[in-house]
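The letters A, B, C and D name the chains in turn, as written, and every chain counts its residues from 1.
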Amino acid sequence: MPKRKDKLTSAIGWSTPDRINVHGLDLPSEVLGHVNLGDMAFMQVTGRKPDARESVVFNAIAVTLVEHGITPSALVARLTYMGAPESLQAAVAAGLCGLGTVFVGSMEGAAKMLYAALPKGTDGADLPAIAKQVVADHRAAGKIVSGLGHPVHKPVDPRAPRLFEIAAENGMSGDYVALIQLIQQEAEAASGKALPINATGAIGAICCEFGFPEEIIRGFGVMSRAIGLVGHILEETRDPMAFEIWQRAEEEILETSGPGRG
Amino acid sequence: MPKRKDKLTSAIGWSTPDRINVHGLDLPSEVLGHVNLGDMAFMQVTGRKPDARESVVFNAIAVTLVEHGITPSALVARLTYMGAPESLQAAVAAGLCGLGTVFVGSMEGAAKMLYAALPKGTDGADLPAIAKQVVADHRAAGKIVSGLGHPVHKPVDPRAPRLFEIAAENGMSGDYVALIQLIQQEAEAASGKALPINATGAIGAICCEFGFPEEIIRGFGVMSRAIGLVGHILEETRDPMAFEIWQRAEEEILETSGPGRG
Amino acid sequence: MPKRKDKLTSAIGWSTPDRINVHGLDLPSEVLGHVNLGDMAFMQVTGRKPDARESVVFNAIAVTLVEHGITPSALVARLTYMGAPESLQAAVAAGLCGLGTVFVGSMEGAAKMLYAALPKGTDGADLPAIAKQVVADHRAAGKIVSGLGHPVHKPVDPRAPRLFEIAAENGMSGDYVALIQLIQQEAEAASGKALPINATGAIGAICCEFGFPEEIIRGFGVMSRAIGLVGHILEETRDPMAFEIWQRAEEEILETSGPGRG
Amino acid sequence: MPKRKDKLTSAIGWSTPDRINVHGLDLPSEVLGHVNLGDMAFMQVTGRKPDARESVVFNAIAVTLVEHGITPSALVARLTYMGAPESLQAAVAAGLCGLGTVFVGSMEGAAKMLYAALPKGTDGADLPAIAKQVVADHRAAGKIVSGLGHPVHKPVDPRAPRLFEIAAENGMSGDYVALIQLIQQEAEAASGKALPINATGAIGAICCEFGFPEEIIRGFGVMSRAIGLVGHILEETRDPMAFEIWQRAEEEILETSGPGRG
């Protein structure tokens, strides 16, 4: 539990009758029209505007996380909206609730693994040796390596090389990107299976290049997916699938588990 | 209830082992590195990339909606995170649940009012007469005009003129922006009170310039606020306020409503 | 917006180091072991223990609302749990988010209709005339009558007569129950279709017999369904369906809307 | 990830036009009027009706979990309802999202600890030796013992002895209850501090007597709290506190972190 404190404080911003300040900047004159939505997300997390290169890389990460097709999360938002169309916000909220350890958590897991293997500020590390150790430790513990492997995208997740390219073009490709690539090679060699770096692995590594605190990395997935879910809800208003999915499930269960079967 | 359908369909995107498509574009080569997060949000809602001017205006709208200080929604996200720090996504979700008719709904309300008064595609309307009628109708019904008035920002909400300026500079200031400004003048004259166009009113009007369907406008608030809430949760990990707010409330209620008082 | 107030107050309860009070009763000695969970729900809403007959009727209402099979809400809880098994609470929360106007709202709608037609405290009303008027008004407005009709349970929803029986046996069957039955007969006669009183209609009417405020009636559905959803999540851990539903949807959409089709 | 399966199945229940079955029972004739809400919750988790003694004990557990005063969860529900009063269900959902590891998790933690120390089906164990070992292990690991200690209720949490009494009166007090009491004595002796068994500790132990799977125990807290939150929302409609809490926080932060301070 946190300690009691005398006064509540917040460095995010403030407003008076004629001024609105966020992260030390005047919102109307210094932010609106000057930054894009990804930059604003960067500001919320770091407290400062990204420079031009950081902006490109961070926006690419955030854009990657917006849309992953008919995910469980998208199904949840659509099914929820069917029951409460007056509460679009609750349908998005419901969709976000499932972005836990199984899906979005792998981004956080990749970053944690990289930070643990190569603490921030380390210089001149023997990356191949570290990669070998990481893979050996995971194999000894019977654990999969976060950020590697994809059920569909084999032998390559096409987002990963593109994200690494964007990072490299903008000076954001350093030891963490190199390390996850070495870990991937080790893991493939050790397992004899295709284990591509997936999008969450690439993003986890690039987040380490930014130095983002690991406990907030999942938040990038959450914010981006909120955007994606609004798109799914809009499509659901025009071309619904929730009702059909529900009816099929009910009918199938009545057939398998109904009177005389259950 | 929707009808049954033979096959589920979705135009949002698809993926195969080596390709990922969103809205008809190849995600790695045509989207990543080419669009910012606000553009991607625009694509989720319209199915196409914004042009350069649309991008500026839409990003300004979305950025405006990210951060509104210590709102109920931010308090909710922080209080939820205190109890379930392992579920950042659920803390964001909880914060979004309150973005209903009272707060974010006013943006939707302003757009609905403008679309009702001036149906899409109307040309050459008598805007001053329409404005007069809208205000008269609201006064007769004893209803406030959505998008006008602000508890703190008086006599002007500084976001509104800046958003109108950005819209005008980018060719997105037409009859809907003109109409809400006329409505504002009428409403102030009729009521004798300062009734500035607030941020949600300006955004509602600009959304009408874009032609966005009114049922999705609330979604812009929801997606942007998800970004803002991640920032609040990160600050809560460093400079918590939830515990203090909770303890104060408990102590005060024990004092006012405890043994011998309740 | 509510007014500012000097002091926060709450009549729900308080605790000191050695005492815990809820609704004026000592929790350990006067509540635990003396009331069941439905009684406690009744206390939360009314501030007092139910008498023996109220307890039977209220528990029957609440029990009816726990489990409705593979509803959208159950699918949502299961799909959410698949992604975030560490957050059972968020899976239940996600499932609750869809209990809006389309499903649970009909219970509230039935109660609103009955209270509007027969204000609390009315004595000696001409119920057949009121029923005729209610049906005529709904038909004139092209609106369906809340609480009537069911997609599966025809010509009778077997829960409704049983709930009315329990209410009658316990002295809770008065003018509101009579009125909804008259409305049902009128509506069937006017439409020529089977329009059984469904479970939410019966519950709405019995809630009016209790005199519950209409704005809280939806809450009975929400609290009971929370119980039901925990059961679905437990089954999902043993006999999962979420993954299969997700995979089928993805595959079908790839087929209908994938490369060359979308 | 689960495996694909040919057919979805569910043992919870089914309905046909004239019948509704839950857990193998006819809902109208065998459940409604025969079980209370706590019994129905028991059925959702175990698939069978409780016997009379199980009913008393399980209802006492569930009732204990309904209402814990002005918790963060109650504040969240109230703050959410202020923004979206049209979505009572989303306010309850938001409130549930915070029932994670910090609060309700301790019940699960106590049960996990007890099951680990004394696997189901163990007979004739040396309970004092086990208790000593459990406390020693926790102290060696620098971890607190789940289910012991309370910030307010010292030296005794009055719910715990009452729950143990109800369990004993109904034949549900066995080795797990004995073990947590021994653990408590060991922990107090070892630490020299008052470490009462708290309500979640007592409930965790009694859940082990029932043999409930540990992964569902948190669910009892979630379902009961959903009931409690409906009560808080109803009080909020009559005696609001959310607006005042919000305004105070905003004002205080403007004072500490506003222009010239931030």
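We adopt the following convention: a contact is a pair of C-beta atoms (placed from the backbone, for glycine too) under 8 Å apart; a residue touches a chain by one contact, two chains touch by 3 or more.
In this text the structure is predicted, and so the values were computed from the model without any measurement.
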Comparing A-B with B-D, the one with more C-beta contacts is A-B
Given over half shared residue numbers means same and under half means different, the chain C/chain D interface is same
Whole-Å distance, C-alpha centre of chain A to that of chain D, is 31
Taking each chain's mean CA coordinate, chain A and chain B are separated, in whole Å, by 23
CA centroids of chain B and chain D: separation to the nearest Å works out as 37
Going by residue number, chain B touches two or more other chains at 1, 8-11, 13-16, 19, 69-70, 82, 84, 86-87, 89-90, 93-94, 97-100, 241-242, 245, 249, 253
Contact graph of the chains (line, ring, star, complete, other): complete
Contacts from chain C onto chain D in the complex sit at residues 1-5, 8-20, 22, 27-29, 31-33, 35-41, 43-45, 55-56, 59-60, 62-64, 66-67, 69-70, 82, 87-90, 92-94, 96-100, 104, 152-154, 156, 158-159, 161-163, 165-166, 213, 215-216, 218-224, 226-228, 230-235, 237, 239-245, 247
Seen from chain C, its contact residues with chain B in the complex are 1, 7-11, 13-16, 19, 21, 24, 84, 86-87, 89-90, 93-94, 97, 151, 249, 252-259, 262
In the complex, the residues of chain B that touch chain D are 69-73, 75-76, 79-87, 90-91, 93-95, 97-103, 241-242, 245-246, 249-250, 253
